[in-house]
Each structure stands twice: as structure tokens, then as C-alpha cells.
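Order of writing sets the chain letters: A, B, C and D. Residues in each chain are counted from 1.
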């Protein structure tokens, strides 16, 4: 089978599934819904994997571009085209595999929901849009996917639409994303206006051929590259939940848990990272913006990690953890470690999806309860969920040889190598915090004794196979995914040939620009030292967590903390009051302005002026008409006076 | 006998339309006396006379007659036909009203026909005395018609006011004639023109004389500031009379006024005359529309609207020349149709003549009188000057003339005021269709003739707007000599 | 040596003015009408004077017509006065103002 | 051989589909006592025949590569030399999309008013048909006088539709609509007359023909005045800030069908007027005033969006959103770039589709609940899943979600504006994109999402078959244009390109000090109509 010529079917199949489920199938036909809902992404996954395999084994040109049809005409001729290159291959792999597993999991998790059909339709739609995003050959197709995933995110966060909060959260997600998208759009406009094309390949070629165009001053003292990358990064901030646009992601947890796993952990939120890496040639030409990216990434990483420490909702912890890890990825991209960013993206997809699905399993067992304060000691009730959750926690904490260790280590090494020591410091601190709050969640959830109601305890049960099998498969990924990117240094120290597969695979998409030095090399000893430091920090974080929350200690530490440092605790628990700040500083003044426009400008000024004008006209008429007194003598006088006045006027 | 004063058959024949009308009127009066049972057919007879007059007008050979006291040309024919159209409409809508008010009598058509004869004479007269006599002939008839509803005070009051004002103004007119005659030595337009060209006479007295003449006819046209009588008379006089009164005398008076203005403007006295007309036009448009805006009585509103429309008609005279005739004629024909149409419908659907003709009582009647309300709507839209109606065609030519001859300011005033106009014409439409009915109409009589009149007026207004070609080629033919 | 034409004209103008003022100031309808007749006659006087000056009969012709018309006007006018007096019991024009504004 | 109007009316012509609705609608006025169903079906059949007439006419000429698809024989209309006016209509790529949209919306509007209009259905349908004639006529007029007449013909039926079948404050809204529009169009009339006169002064023969008037080269001060007159008329129709306040009132008070036609097509005549008349006739003035108009467009985008956001009435929200959307169209038009123009043109259609659908949906809701206030809704997705689906779909199209139609237009407008050098306007107007999401999602939030707060909302019936049929074509087109806009963009391109080239070349030369007459262009017409004329006259 020549999967490469069928490239466009990879996103098309899920769309088809969504359409069939959405329009043709009826609510009651649950079996059919499940079949369609799984077959579409499943087929897409198989097709994707085959295509990647055929591509990687050299059956395809380098890189592969497939134009389906031309979208517009004339001066702005843009094709709907797909592109398979190492970067999109990695992304496609992650998206289809993780996506499919989560679909399978959903069959169990959502099985009793009334909106089962709707759910699968949206989920398939999401898969389609996400694949459009990663496989698109130009910014336009990417943007279609970009907004498409945003839409699905909106719809799925608001899945429980008959409650107050979820649709609100969905709206918030969409709007905040839109703020980013607007910058993305401006960036696209600047690119198109400068290069006349939106094709990734062409833009990269042009920039490589003549970097001075991109370096030429554009606006605000920024170069073209600087302006475009800044815009694109603002877009990424929205999608990937970076400061200051991260606020939607924690709220997004209002959606069903598999959705959180798929969209708000594994795939959609990483789109920003993908985009930055995709346009790395421009970022390399805009060092100041790259540094900004790294700074934002680092700040987000530690900021979210601190909030994660004080959250009691298990999904909220994971959400802030996601924000924090995404910050890590941007940190990597900002310091020029693009491969590391994608590496972390991939490993994160596995362990974070696993964490979410695990938490889903917990919530499922708890009958919808998400508050860790009411959990505890679940490990004996959830024999499969617990170990997989633990594996994922170890992975995210960066314990070797699990996936997170390698990817996180590569990021930190990249930061250190680029002499961004402060950023490295923040990164390492975040690593410790990550280990700490993640193990906190493990201890509070699975260890100690149960703190919920008897009724809940009675109902505790392990999830069905259809949910646990994906957990196991993902756990496998969380363990092994890191091995494709074992650092060159380790291979060499161990005396092997360099088997850093990912690096070699991805190197073609990382542009090498003359005069831009990306190859900061660390000595093997430094690299090893750094690894040890990060492992030590991770273990330290774990130990702290164990001391505070391990065993039967439960919530005692939290209470002590709240008593000793009430201010800090409240600050963290309330997420630094950022939502409130935004509300006061942006939303309300804007609403006030809008109301002012309506009531004052529209109603009072414009309509008022009109009404006054009409009134004055009418008043003139109304006063004037009394000149027609009804008395004939007055009329005669008017005539007489009129004649005299006109005569007077005529002779002078 | 001096052969100069003998009357030839050809000259008599040149008076054929007027003679037909006068004889017709007299005949009807006789029939009223001797065969009152035929009353119901009087108006149809009258129509026949109007038709005959119309035919005579159409076939009249061009040229002066009666030693140049009157003349016939395609131009006078065109305006005469407009007058006759108004007379026909006035006759068509009257019988329903008259029988409803138990006023049916031969005097009505008789007065109307005599009045029409006076109007035709006014259109054709080119000598001051002829004009004066014609004017008095038509005025006296109109006084009688305005007071035709003997039993109600408002009708009598309207007639009296009209009479007193008319008499007052005619004194000025005669004085003007005297001055012009005295300073130029002639009462014929041609003679006056020649004298003016020679520079004969005292400019001051001539100016005064012409001004008095112009004001006299401006009074007939109800131009501001000589307008004040119009609302009272329109409101008080019987509605079918107003349908005639509000249009026919205007057509004829405009002809005289145009003649006068052209006469003066082309003479050494010219100077400020165009500006005078511009002033009158602007004042009329403004006052007419502004005062109409606040009226609650539809007849009174239409009176003020008529004032405004005469302002529009005057726009081409602000840049006088032979080219002024054409827009004036187009506008007047449109005005005859839409204004007479509006009054015709008012005649029929307001059942109580003495009462106020409140616009608000039209509420919801659009569904009660679908045909008449539709016609009224068309007339209102046409009066408002919205295409595709005759009113728009008229405005088009008038504004075009203004722009062509550098009177842009006047055109802009015209536009601003027509916007005000839209507001009150639309009020009628929304009353008809958009308000719930508050009171059922009472005592109304809708007869065949009235319906025909309304349809002719409204249909004509629409036709002139949509397919004006035939009308315009007729107009064009009327001005071939100019 | 005859009276200069201007005297006639001035006399006529004065008569006209008196008539006009009378018409404007009287409240009785008939008085107003009488004043108007005065104005008409002032105009007639002007016509006659000019006619004499110009040695042209046309002016005097006009005078005859004006007189005739004035008579007709008087007839119609009086009829209207009677009509209104029947209905309103007054011919005070200040009070004949049912129709206004 | 001279052609008569009747020949045109009966032949395969533009005239036929322009006048067919009114002529075929006349019997409706006589069917006062006929059963309601008969009247409705008759009107619907007329509208479908009309759609077929337009469709057949266009399909037969689709392949022609030139700018002008067709033109009817020129007839004398107001024949009073030298003040002659001819009746001349033609169809080109610029008017084509809007003509098709009009034809499409007509049956939809009638079907959508099936039960919503509860009195004088025949009169309503006739008003709609008359309105259609006015719209189509204005879109195909190639003579400014003819254009003006059709432009005004639209007023009365719309006035009646708002005033008779509207809501409580309908008369205020109707009069406001009428006066606003009339104020602008009277100024335009003076401008048109002035142009015709100037042409007459230079040639001795008056003319209001578009192609003749395009040859006029006016001094800059005259251009500015005339452009002002035209621009005010069109800006009121669009409507642009600050002359927009009639629109919310008109929309809120108008019946559903009236709103759909108003938003769907009537407003587009303003933007169409800019593109077709104001810019090409007065290039230098337009060029000089471009920044100001762009600024007004931008203000409209942001202002409309902001005000829409705080509305408490669903219909008013959609109305204000129209101001914002039309702001985008104006931005594209004033950018004077081919991509932007294409975007603006397709955006006119898009807005007609998505906003039309939204108004229909609001109307359907109103028929069920007799309220349009947000506070009375909430949680309607539960009882009305299909309604919610279509509402979400149309809203998203309106928001400008990629792969739906709204995005195509907005994107092309932004690209064109940015490319043409108006970077700041393009960048700032994207704020409107963000705000669009805010207010439209607010609408969804308060209507279909959330718990049901009113008992009456528990059992609101979902869309019926008729309603689904009304909405389906709109939805299909929204998706189609979004996914594959090329076939919709292609027919307009040559016409727009020619117009733009002409505009640019005229702007490049300085304005003369005295009015001049440029030599007649190739094949005695503007380049817009030069290429590939399918000469109807030759065929006769």
C-alpha cells in the first residue's frame, strides 16, 4: 500500500468519522457510534504509521508535499496541501497513537453518557483538526487546524453544557485562544506580505537563501523575523497556555477527563511548541525573541509548578503540571534546543496522557469526585491504575530511565550549554517542584487511608479493560519513549556509536544558518554532572513529598502550611489571583467601555443629536405654524409687508 | 366700423375651448333649473365638455388671435391640457361627495367649467387686461366653489377668507397693471417687452409694477410670504373643490408668472429678479415643509405641502430662460396627478366634511380601503419624490435645471426640505398600514367616478415615474419652438 | 396749464395707501371690502391718468373692466358675507378664525 | 431593429429576472380573500422560479472568461433630449455573487416567514418581491440614474416590511430607516445629476451611463465633494460609524424575513456602491480619503463588536455584529488591493449567509418563545439539539472560524489590506476577530448552554422540516465556501482586476484642474466591461 499518496486521508478519515457520527447516526445506535468513532481514528493511525514508516525508510522524497486542491486564486494562491517531514512525522505519530488510545479509553469512560454520539463526533473532529495542524504544508492549513482544535476544545470543554461552568470554561478557552490567534494571524499577514507565500518549505528556503531580508528592520525596532516570531509566539502562548494566556487551561478541566488527556495535555496544547519548532529558522534569526520565549517558558514553568503544589483537585494539579511542562518545552525552544522541545513534547504526550487517564480512572472509581482531600489509599482498590499512575509520575519527575528523564535532561542541558544559567536554574528548581507536587498527588490519592464517604468507599472499583488496556499501553510508552533520544554523550561515554535516533531524524528540519551558532557542546563530564544534579533534585522533590504527605500523614502538612503561612497558601490556592486581576483590569473596563459606547455614544450622542435635530425641526414648524393665525387681517399684513420688503430688497 | 375691431370666425374658433366650457357651464345651469332630475348625469356631461375642450385645445392652430390678446401654441396647449386634467379629476370625484352631503346641483359643474374657461384664458392671455379678467373669472368661480357647502361654517369661512384675500390682492394687481401700463404704454406682453428693450419708463415704478404683478400671481401660487390663506382655504373648502383648487389655478398662474419673469429677466430690469424667485422658492420649500410636518389635519398638511411644491416649481425660474418651461411643466403635471389624487381620496374616505380630517383617524384604514389606500400611498410616495413616481420625475427635472444653471444651493435646500417632506408623507402611509384601527370610518361614499379618479391619479403618478417616455415626448413636442 | 400727471399719481398712491391701511386695520369684513374697493379705485385713477398722459384709450378700457369686475366681486362678496353671517352671526374677521394654524 | 422593453422582459435577459418578481407578484395583491396556504405557495413558487431564472441565466454564461458576463440591450427611458436617460443593465463578476445571493435568499426568506408573518401574507410577499426587484435592479444597473431609481425603489417595501410586520417600536424604526437612507441618497442624487451635467457640458449630450461617466476626469475639489455625496449615501447603507444607529433599530423591529434581507443584501448595496461607483468615479478623492475611511471602517469593526457584546437582546447583538462585519468589508474595499477586494466581495456573500442564518434562527426562537432577550433563554441545547447545532455552526461561520466561509473573506481582506501597506489597520482590525469570538460566544452561552432557568424552555420544540429546509442551503454554502472558496472567487476576479487596474492608473495621473473627458477606452467602455462582452444586441 502506498500510504504516502494517501497522505490527505490521514486527517480526512477522522473528519469523515465525525460527519458520519454527527449527521447520520442516531443517538440510540451506540454500537455503531463506537465502531465509527474508533474506526476512523484507528484507520487514520494505521495509515499514518504506515506513511511514517515508508517515509522514514526512504520511500518518499525529502520532504513530501502533497497538494490536494487550490484554495484561492490569483495573487493569493494558496493550496490545501500536506507535508510529511520528520517533524510532522513525529507529531503524527504522537497524535494518532495517543489519540487512538484515548479514543479506546473513552469507550469505557463515556459509556454511560447521554451525549456519547456527540462526544465521539467531536473527538473525531478534533483528531482531524489536529492532524490538519501537524500535517499542513503551509500556515493556512495549519491555521485551519489550529482554530479547528480550538473549536473542538471549546465544544468538548463545554461537553456538559447543561451545567453553568463548563460552557463558560469553554468560552474562556476559545476567547483566550483567539487572542493568541489574532497575533498568529498578524504574523501570517506579515509573512505573506513579505514572501508572497505561506508554504513552510518556501519560506524556509527564502530565508536561508537571503537571511538579510528577515533581519531587515520592520516595525518597533524589530526585524521582520522578530516581528513574525513575536506574533507567532503570542499565538503559541494562547494555544499552549503560557503566561499570560494560560488562564484558560485549568478551567478547561471542566471537560470530560479523556478530553483533558487528549486535548489539554497530549496534543492540542503542544501545538504552540510544534509551531515554534516549525518556524525555527525565523526564531534563529530573532535571538531577542527566542530569549523572550525561553524566559516566558521558564517563568511559566515555575509559576505553574508553585500553583500545582497547592491544588487539591486532582485534575487541576495535572493541569498546572501541563502548563509547567509546556513552559519547559518553550524554554527548550527558546534556548535553541528545538529537538529537545519536540522530544519533551513526545514523551510528555505519553506520560501526561497517562496521568490524566489514570486520574480519570480514579474519578471514575470515585463516582465523579475530583477532590484529593476526599481520596487516599486507593492503591488497593485500583491495582492497575496505581502502578501506571506511578510510572507516569516517575516519568514526569525525571527519574531515569523513564521517558521524562531524558527529555527534561536534554532541555536543561541545552539551557546550560547556551549559557542561560539563570534559566537552567529555574528549570532545575521546577524539576524539583514537579517531583514534589506530582508525588503529593500520588500520596494523597493512593496512599494513606480513605478520606471520602462510606458510600464512595463501597463503590470503589477498578475500571473495565477497555480503560485499563490503554493505561498499560501508555505506561509502556512512558517508560520507553525516552529511549529514542538518549543523549549522544551517554552513548559515547558508554562506548557505543551514537544512537540518538530522534536527533538524527529531526536534524533536517532544524535549519542551520550561517553565523547562528546552535552547537554549544558540553563536555561529557559536565553533561553527566548535570544529569546527576537533576536526578538528585527530582529525588529530593520526591523525598520532600514523602515526608510531607507520605503514608498516613494525609493532609496534615497542608493544614500546617495554611496555618503557618496563610498568605502564601491563599495566594497559591487562588492561583495568584490572576483570573481576578484579568477580570478587573481587562474584562470589566472593556465591558464598561462597551456599555459606554452603547449608552453614551450610540444612544445619547448620535441618536440624541438626531432626536434633537428632529425635535428642533418639529419645534420650528410647530412655533412657525402659529403665524397662520386664522385671522385674515394678518394674512393681508403678510402680503403687504412681503411686497414692501421685497420691493425694498429689490431696489437696494 | 373700424375693421381692426371686427371679429372673424377664425378668431372665434381660436376661443373654441373657452367657449365650449362657458357654454357647457351655462347649459348645466339651465338644466339645473329645468331638469333637476338629470343631476346625476351633470358631472358626466361636464366631463364631456372638458373632453371637448381638450380636443379643441389639441387641435387649435398656433398663433395669436384677437389682435394679439391671446395666443395659442403647443406650450399653451400643454398647460391647458394639464388644467383640463385637473378639471376632469375635480369633476370625477365631486358627485359622490355632493350627493353624500345633499349638495348635488348643477352649479357645481357649472362653476367648475367656467373656472376652467378662466384658467385656459389665463394660460393663453398675453395681455394684462385679458389676464386680469381671466383671473377674476376664475377667482369668482372659485370663491363660489369654496363656499359651496353652505351649511357648514368652515366652508363659508374658507370662501370668505379666500374672497377677501383675493380681492385685496387683485387691487395690488390692478395697481401693478396700471404702473406697468403707464410706464411702458402698452398692456401687451410684446409691447411691454419692446418698451423695456428701449429703456422706456421709470425703473423704480416699473420695478414696483412688475413686483406687484408677480406678487399677485405668487399669491395664487401660495408662495411664501403670500401663502397664509392656502391652509385655511384648503381645510375649510369642500374636499373635491380642493382637489381642483389646489392644482388647476397653480398650473395657470405659473404660466403667467413664467411669462412675467421671462419678460422682466430678459430686460434691463433683470438684475435681481432671478434671486427674487430663488428667495421665494427657498422660503416656500422651507416654510411649506416645516409647517406641514406638524399638521394633524391631512388637508391642512397637503396645503402646506402644496406651498412647498410650488417652491420646487419655482426653482427653474431662479435661472429664468426659455429652458425653464420644461421642468415647470413636468413638475406641474406630476403635481396635478398626485395632489388632486390625494385630495380625491381624502374626499371619499373622510365621511364627515365639517370635522377635522385628522391624519390619525386614518389608522388601520389601509386594510379597509385597499384600493384607495394603495392609491393614497402612491400619491404620498410621489409627493415625497421617491422614485419611481411622477413626483420624482418632477424633482429630477427641477434639480437638474438648478444644477445646470448654477443654482446648486437651491437644489440642496430642495433636498433638505424634501427630507422633511418624507417624514410627514410617510406618516400618512404608516397610519394607513401600521397602526391598528382606532375608529371605523363613518358616512363615507365611494362611488365609481371617485374610484376612477383615484386610480387615474395614482396610476398616472406611477406610470409617469416608470415609463415617462410618451409623456416626455409630448412635453418635448410642446417646446419644439422654444 | 393742466394739473401735472405726477399729482394724479401721487393722489392715487395716497388713496391706495389709505385703502390698504384701511383694509389692514378694519375688523368688520364689509369695511375691509370697502377699503379694497378704494384701493381698486386708486388703481383706476392711476390708469386713467396714465391713459390721459399717453393719449391711449387702452388704460380707460382697463378702468371699465376693473369697475365691472369690482361690481361682480361685490356681488359674490356680499353673498359670502350673508352666508357667513347666517352661520356665525358675525362678520368680524377677528372672530372668523375657525380655521387656523 | 429597435428592441422594446417587452422584448427584454420576455427574452433570456437580465431584465427578465429583475422584473419577474414584481410582475409575478402583482396577483398577490388581488388574492386578498384566497386561503393563506395558496398565497404562500404561490409566492414561494414565484421565488423559486426567480431563482431558476437567475440560475439559468448565469449558468449559460458561466464559462465566459471576460469581465462582463452579459448586458441587455440599451433602451431609451427618459427621452427628453438633451436630458436623456437610458435603461441599461449588465451583469459582471462584481454584481454576480450578490445577484445569486439575492436569488437564493428570496425563497429562504419566504419559507422562513411561513408562520412568523401572521397577517397580510400576500402583501408581505409582494413587498419582498418588489424589494427583490429593487435590489437586483440596483445591482445590475449600468446607468447611474437607473441605479438611483432602483436604489430608492428598495426603500418603500422595506419601510412597509418593518413598519407593518415589525415589533413594538416598528414605526420609529421604519421611519428612522427611511429618513437615514433618504438623507444619504438625496445627496447622491445631486451628485449623479452633477455628473450627468458635467458630462453634458463637455460633450453636449447628457449621460448618466456608468461607462460614459467613468471617462470624466474631474478636478480634485469637485471629486471630493462628489465622492462625499456618494460616500455618505453608501456609508449610511453599509452602515459605517457614526451613521449606523438606524441599523440596530431596524433589525430589532423588523420581522425575521426583513432582517434577513436587510442584513443579507440591503447593507451590501452600500459596500457595492463604494466598489462600483464611489471609487472608480472619483479615484483621486477616494485615494486621498482612504485613510479616513479605513479609520472609520476600523472604528466600525471595533465599535460594533464592543457594543454587540453588551447587548441584552439577541437580535440586537446580531445587528451590531453586522456593523462590525461590514466594517471588514469596507476595510477591504478601501484597501484597494485585488486580494482585499476579492475578500470584500466574498465577505459580502458570507455575511449574507451567516447573518441571514442567525436572523432566521433568532426568528425561529422568537416564534416559539416570543422573546429575544437573553435572560429568557439558556440551556436550549437540551430541548433543541438541532437548533443548537445550526446556531453553533452559523455563529462559528460568523466568528470567522477557518474552514467556514467567514474566515475566507476576513483572511483575504486582512491579507490584502496588509499587503497594500495598511499594516496598522489590518493588524488592529484583527482585534475585531477576537471581539467577534467574545460576543458571539456570549450569545451561545446565554441561549443554548447552561442549565435551563425558565420552565417554558424545558419543552421548546426543535426545528421542524420546513425550518431545516430553510437553513440547510445556507449551512451547505457556509461550509462549501469555507472549504473550497475558489469557485466562488474565480468569476469575480477579472472584473475586479480590471476595475482595480483602471483605478490605479487613474490615481497615478494627477487630477486635472478643469473637468476633462478622457478618450473612450477600448470598445467604448470601461475596462470593467471591455473584455468578453457577450453582446446581446448582436444576437437580435
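In this section, a residue touches a chain if its C-beta (ideal position, glycine included) is under 8 Å from a C-beta of that chain, and two chains touch if they have at least 3 such contacts.
What you are looking at is a predicted structure, and each value in this text was computed from that prediction instead of being measured.
Peer 1: Counting C-beta pairs in contact, does B-C beat A-B or the other way around?
Peer 2: B-C
Peer 1: Report the chain closest to the protein's overall CA mean, measuring from each chain's own CA mean.
Peer 2: D
Peer 1: Taking each chain's centre as its mean C-alpha position, how far apart are chain B and chain C in Å?
Peer 2: So the centroids are 26 Å from each other.
Peer 1: Averaging over Cα atoms per chain, report the distance between chain A and chain B in Å.
Peer 2: Computed value for the inter-centroid distance: 79 Å.
Peer 1: Taking the mean of the CA coordinates per chain, how far is chain A from chain C in Å?
Peer 2: So the centroids are 98 Å from each other.
Peer 1: With chain centres taken as the means of their Cα atoms, state the distance from chain A to chain D in Å.
Peer 2: Taking the average C-alpha coordinate of chain A and of chain D, the gap between them is 39 Å.
Peer 1: Note the residues in chain B that touch 2 or more other chains, in rising order.
Peer 2: As it turns out, chain B has residues touching two or more other chains at 160-161, 164, 168, 172, 231-232, 423.
Peer 1: Taking each residue of chain A in turn, which ones touch at least two of the other chains?
Peer 2: 625, 628, 630, 632, 636
Peer 1: Can you name every pair of chains that touch?
Peer 2: Pairs satisfying the touch definition: A-B, A-C, A-D, B-C, B-D.
Peer 1: Would you pull the chain C residues touching chain B in the complex into a rising list?
Peer 2: 9, 12, 16, 19-20, 23, 29, 32-33, 36, 39-40, 42-44, 46-47, 49-50, 53-54, 56, 58-59, 61-62, 65-66, 69, 72-73, 76-77, 80-81, 83-84, 87-88, 93, 96-100
Peer 1: Spell out the part of chain A that touches chain C in their complex, as residue ranges.
Peer 2: Per the touch definition, chain A meets chain C at residues 625-626, 628-633, 636-637, 640.
Peer 1: Can you check the complex and tell me which residues of chain C touch chain A?
Peer 2: These residues of chain C touch chain A: 20, 23-27, 32, 93-94, 96-101.
Peer 1: Across the complex, what residues on chain B touch chain C?
Peer 2: Interface residues on chain B, with respect to chain C: 128-129, 132-133, 136, 140, 143-144, 147, 150-154, 156-161, 163-164, 167-168, 170-172, 174-175, 177-179, 181-182, 185-187, 231-233, 235-236.
Peer 1: Quick check: in the complex, which residue numbers of chain A touch chain B?
Peer 2: Listed in rising order, the residues of chain A that touch chain B are 614, 617-618, 620-622, 624-625, 627-628, 630, 632, 634-636, 638-639, 641-643, 646-647, 649-651.
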